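Order as written gives the chain letters A, B, C and D; numbering starts at 1 within each chain.
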Amino acid sequence: MDAVGVLPLDVVGGVILLWLLLGLFGLVLQNTPHIISSVIFPLGAIAALAVAGTGLWALGEHASYAILPMGLPDLPLHLRLDPLAAFFLILLGGASFGVSLFSAGYFKSMQGNTLGLLCLEYHLFLAGMALVLLADDAYMFMVAWETMALSSYFLVTTDHHVPDIRKAGFLYLLIAHVGAIAILLSFGVMQGGHGIGAYTFAAMREAHLPVFWSSVAFLLALFGFGAKAGLLPLHVWLPEAHPAAPSPVSALMSGIMLKTAIYGILRVTFDLLSVQQWWWGVLALALGLITAIFGVMFAAVQGDMKRLLAYSSIENIGLLLVGIGLTIIFHVYGKDALAALSLTATLYHSLNHAFFKSLLFIGTGSILHATGERNMGRMGGLIRHMPWVAVLMLVGVLSISGLPPFNGFVSEWLLLQAFLLSPGLPNSYINMLIPVAAAVIALAAALAAYVMVKFYGIIFLGQPRGEAKAQPHDAGIWERIGLCWLSLGCVALGLAPVYVVKQLDLVTQVLVGRGLGNAAAGWLFLAPVDIERASYSPVIFLLAVLGVMLVTALAVRHFYHGRLRRGPAWDCGFPAQNARMQDTAEGFGQPIRRIFEPFFRIESELPSAFDTHPRYHGRSDDRIWFALYLPIKRITEKFSSWASLLQHGRIHLYLTYTFATLVVLLAFV
Amino acid sequence: MMAMKQTLGILFQLCQSLLVVALAPLLTGWVNQCRAWLQNRSGAGLLQPYRTLRKLFHKDAVLAYNASPLFRTTPYILFGCMWLAAAIIPIIAIDLPFSPAADVIALVGVFALARVFISLAAMDIGTAFGSLGARREMLVSFLAEPALLMVFFTSSLISHSTQLPHIVETFTHHEFVLYPSLAFAGLAFVIVLLAENARIPVDNPSTHLELTMIHEAMILEYSARHLALVEWASSLKLLAYISIGIALFVPYGIAEVDNWHALPLAITALLVKLALAGAGLAVLETFLAKMRIFRAPEFLGTAFLLAVLGLLIHFLLGA
Amino acid sequence: MSIPFTTQTINLLASILLLIAFAMLSQRRILSLINLFAWQGLVLSVSTFVVAYSTAQRHLYYSAALTLLLKVLVLPWLLHRLIRKLNVKWDVETLINIPATMLVGIALVIFAFNLAAPISQLSESITRGLIGIALASVLLSLLMMITRRKAISQVVAFLSLENGLFFAATSATQGMPLVVELGIALDVLVATFIFGIFFFQIRETFDSLDITHMEKLKDD
Amino acid sequence: MIDLQLLVLLLTPLFGGGLLAVFGSRRWAAELNSLMSFCTFLAAVALTVRVIDFGPQVVFNEQFFIDQFNVFLVALTAFVAFTTSLFSRPYMRIEQHHGKLSTQMLHLYYSMYQLFTFTMLLALTANNMGIIWVAMEAATLTTVLLVSLYRTPASLEAAWKYFILCGVGIALALFGTILLYFAAERVLGEGGTALLWTHLNQVKGDLEPTVLKLAFVFLLVGYGTKIGLVPLHSWLPDAHAEGPTPVSAVLSGLLLNVALCAVMRSKVLVDGSLGTHFAGNLMMGFGLLSVVVAALFLSRQKDIKRMFAYSSIEHMGLITFAFGMGGPVATFAGMLHMTVHSLTKSAIFFAVGHAVQKSGTQVMENIRGMLQISPTVGWGLMLGTLAILGMPPFGVFASEFLIITTAMHDHPWATPILLIALGIAFAAIFGKVQPIVFGETTARPLPHPPALIPVFAHLLLVLILGLYMPPYLANWYRQAAALLG
């Protein structure tokens, strides 16, 4: 490749520049919004595709470096593109391609100045995320990281006239900032040697920390990146910010930005820190499990479609963290094959999540435009008005529910395989923990299916509830392209696991020292360890099911007939039935709420039996908010109220401070 | 020799696929017949399901005005999934060419896929019962599915494989060992089987009482060929489950591919086992009572717990 | 050897300075407060003069004269005028009662002397221990600023604080460079004028010079 | 040559003060003010270039001393003074139009503004510790009248507190200076040279430690009052909140730096003589205390200018902490932070000033939706706030990064405290500024177009400093850091 003389890094750098330029153009072209929407966004999308391609190219390459003559005097900005970064670049490019195309249609109707600003922030956001992946020293990383946070904050608060959105944005930025502080601290712990030069990642790799300090660094990193990823108990911003943001932005945030946090954890744990501890893995595993269950439980009881998706993102982040935890454990105990397996599962799942979650989020965008509603309780039957969106989102729904032959299933399959192959770890506690963990994973997966059936069924199926728009229109052409791309991605990732895993091996080889390979040497069967042990072939699967369907259909037609009459729904012959008899969103989630009651903070008012206009109102809140965040707030306020006693307004008092300070100092020197 | 094996494999595969499709309604009929006998009824005869199917296929399909394509495709998807499932489970022979396409986890996936589609279809028309049924189905399944998965885990931990054929092989060909963990797993599996196939005590296949039904509530809007396919699919599902149970817990008599002569023996063994299982099912259904829908989660929770317990015991005793 | 006469006088003057500081601390009436301030200035200039004489530094004469002019004549006169113009109430309300203040004052003096002891050990100039006295008088005037409630008395305290400093500057160390002293003197003068301006402004805004009125700005 | 440049630098504002004392009530007084400030700025640039080329120099029989450290402050001071004069032109007009100011007041304002600039430049360039003191006192005196410019009870009270507290502080500093002299004269002998910093710096090894300790305590408490170190800070929020906004800008943007510069000079001497880290530790202690307490104060503020005054205390604490730590990187970071803080904070005050004028109040609950009525003010305020809160890629983050990383290496225990304080400050300030910028507005348009070029000029500079530091600037800082050790 060097014959070309161009390194992957150069291409990515160029694209980042291009993004920045596009953003500025957007700002300049405020007065011609149609150009912004129909030219700049597609261009940005193409750039994204270029990033993905470059990532694919860089996977096979050696890491390429660059040092920009910028940044701090003794710490210029270091860039580095290694397979890990390359993989996440693929994720970034692939997902954002679809989202950008979608945005081209989605923001069409927006007014000029807002759109210009949004265009700038949007591309700044993309560039920031790409730079996070490329950063190779602490300063560069922090700059990119916070640029990402800031631009996404402004994107979230695009519609800042709504007080709730302002609040959400503030909460988001605050937690992001706290997380950034933790990350900075962890870099500080990991610094290699003296002087500011010790903050390059290269120096950190060289610095072999004692166990205690590397554990501190890991914990800080877990906290910091967890704050961005929405790890319990730092998740509170996520279900607020995602619904607040415009849908493509939610797609980027949930699909890609959360993954940068995963990237950060991987980078710190397996690259910057030279040795890991087994209990890190256990911690990550436990946190991940709790997060996953929590997320999916709350997703099940949501009425707002974007909140629901946000909570499901929390769940998926939990799964990813479980994967990371397993990887750490295996890696520490030298079972590199298993480490590779679980790491592959993790990376695969983050890729899948990037695709189907972005797909679902932009889909909600189309729905939002069509109905002007976010509350599922007022939707229903949209499949008849917006078939495109319905079909494409069905793909997303099936994928996220982890159903074969779509992509969600593959990564869950791999993860479960990792669990199944786990026994024989020297530590008996972990041996005990792992099956339980597997059970929890299975539970989470099943619940996810529940949630998604609710999501899809309430929105698209049944009869229209409530007084939504009369004739919701289907998505426009740009939006369709975006949706198509992402759903195609879901299908492709589901059908070609062998190829994907082969690519992922390049990453796992770098991180845990070996790749997975494919025992069944063939494109047809995915066999992570041994064809005897486990194998899966989505293609055969799909073909078989489709074949059977076709045969059956033809046979039925041939041997009998295809006659069909339309009539009113039967429904056990109940006479007066209307749309209000269907389950509402709350109704569908009610069993979950009932089973997991202690986890929610429920307030609900039920109508009395004789109510002429019965109205049911219920909300389930997050206990953590009341148990953790409000107390912290109160404590800080108490401290500051004590502090403010100092400023009492009496000059004598102030003079006394001076006097006292003087005397004390004099007395003690 | 290799080619010979291959052709044989294909042959067995075909033979099993056709056999299961043909056999499934019979099994259902047999179960109903046993129940009738146990309840001192004469019963409708073993072949009743076939008659029902034939009748349904002849009828004109009636579709609700607002039924979407999803609603119409679902029966076929259902049928396809179930058939696939039943086809790759080693019922009469061990290593069928298709079986590597989906191991046990994928099998669970297949069932999940079918379930999701039927629930969606149930919500499609937008009737009160449809969504009620869908909700209950999902409620039951989100506990049953992990339990099933745990059962599979236990057995595959013992046999170091998630491939049913290899599990079967291990159990048949190694010397007989008592696996306490498998006992728990078996118990859990029975519960799951009851729940997943809409059997008492979780559901009642032979009622249209809105307060109790789950499966029936979902397929209320189906008629004619669609209904026929759905019914057929559910009997296939029953067959598949029972034969999974057989494969996991009493795998004896399942044929290798490479000898002809095992085939008749295998089929007879299969028929006997199915008959026994069906009878057992009928007995269970007769002696258990339908429980309130909100007791179902507890019931399945026990199954889940049992399965996990089995897993832990396996880790504890290494058996 | 016996201590030379000049040193004796300086020490005497120093103690008088301290005494006056105490007197001001205990003083209840504004007019006599100002008079005391004038006396303090006088003592200051005399001691400066003596130092100038004994060390034969030309510029110290200037500063002695300057002090005499400024601290003994001009400033007291200005203050008198202000008081007459603003007809301030005659007596000074203190925040802490006088005896307590005196006790604190004595404690401060001891503190200051202890603090200055090591320094005065290593000073071989004629003026041992004057640092301690200067420090004590500075602290005393600071204490006075804290305890007084009227704007004017605070200002007087401030000026006497400056006196203490000046004493340290001239007597304890044989005089700062002239530029500095001129600068200091200028600043003091300007400060006093600005104080004057403030008095009028405060007076016309709060129609009283009681600075307890000025406690509005605070964090609550 | 250089002495001429220095002369120009010092005399321009003095002369300008004189001119404006005469013509201050003319219509073109504002323009004259800006002009004089501009000339001062030019002189400062010329001086800076020269010093960078030829290194430290003493002039006027050693009464003045210019090295990389103070010349950078000179340049900064002249620049901010210039931009502030640009800003104050329309601002003061609007104030007059709102009937808050009379022509006489403006007269006073303009002349005092120039004199204030003069005193600060004097304090920066003087070599004689005594002269530095005199200049600091003079700076206090000139600003006192500016703080009380509105003649409202509140402004009077603020000014009075400012005057008394800083007066006392300065007096203590004088005592410290005297002690310094007392120690010095026994090494350098009687007369003029004993207070010259350059000489003191040469002989600092021989100075009597006990005396210097004492002296430093007085100097720190004295000048520290002016820096606004907790617990000597009490005057600062009042003065900033009640004075006219340009004055707040120069107060927290410049005067605090000048005082800090004086402290640094004495720190160099004291630690040099003690050979210990005594002064440094004291400064670190005060710095840390200031950061924490100021952060706690922030969340309770209702008045916007008051809040940013507290944020100035916080940042001054941070800088003091950095200087206290010492070492090339920390000192470098401290100076960088001085620069970016001055630029950012003054920019913020400009934006705040106009925001306050538009909504007619300083109470934050009543200032809403700036973006709606004037995007420039809104974005200026928002970006400035983010910059001052240490958000990359603004320069404040760069310096904070350097400070924190150094602290993490030298004093790990301090970093969590610092970072938590910064986090609290972030929550407090941003939570209050966000609704001011966003949302629906209640404000009204202004009679004169606001001058916002200064705001964005400052922010642009800060942004550039965060992403790219010109090598010569870096070298310059390095040399200065080397001087301070």
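Throughout what follows, contacts are C-beta pairs under 8 Å (C-beta built on N, C-alpha and C of every residue); 3 or more make two chains touch, one makes a residue touch a chain.
All values derive from a computational prediction rather than experimental measurement.
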item	value
Any chain that touches chain D and chain C	A
Pair with more cross-chain C-beta pairs in contact, given A-C and A-B	A-B
Rounded Å distance, chain A centre to chain C centre (Cα mean)	71
Gap in Å, rounded to a whole number, between the CA centres of chain D and chain B	79
Averaged-CA centre spacing for the pair chain B and chain A, given as whole angstrom	36
Interchain centroid distance [CA atoms averaged], chain B/chain C, Å	102
Set of chain C residues in contact with two or more other chains	115, 142, 145, 211, 214-217, 219
Where chain A touches two or more other chains, by residue	644, 646-647, 651, 655, 658, 662, 666
Touch relationships between chains, expressed as pairs	A-B, A-C, A-D, C-D
Residues of chain A defined as touching chain B within the complex	380-381, 383-384, 394, 398, 401-404, 409, 413, 416-417, 419-420, 423, 431-432, 435-436, 438-439, 442-443, 445-447, 449-450, 452-454, 456-458, 461-463, 520, 525, 527, 531-537, 540-541, 544-549, 552-553, 556, 559-561, 563-572, 574, 577, 579, 581-583, 587-588, 591-592, 594-595
Residue ranges of chain A touching chain D (in the complex, touch as defined)	69-74, 113, 138-139, 142-143, 145-147, 150, 157, 160-161, 163, 166, 169-170, 173-174, 177-178, 181, 184-185, 188-189, 191, 194-196, 198-199, 636-637, 639-644, 646-647, 651, 653-655, 657-658, 660-662, 665-666, 669
Of all residues in chain D, those that touch chain C in their complex	63, 128, 130-131, 133-134, 137-138, 141, 144-145, 148, 151, 153-154, 156-161, 163-164, 167-168, 171-172, 174-175, 178-179, 181-182, 185-186, 190-192, 194-195, 208, 210-211, 214, 237-238, 241-242, 297, 300-301
Complex contact set, residues of chain D against chain A	160-161, 164-165, 168-169, 172, 213-214, 217-218, 220-221, 225, 230-232, 234-235, 237, 278, 282, 293, 296-300, 329, 332, 371, 375, 386, 391-393, 397-398, 401-402, 404-406, 408-409, 415-416, 419, 422-424, 426-427, 430-431, 434-435, 438-440, 466-469, 471, 474, 477-478
Chain C partner contacts - residues on chain A that touch it in the complex	644, 646-652, 655-656, 658-659, 662-663, 666-667
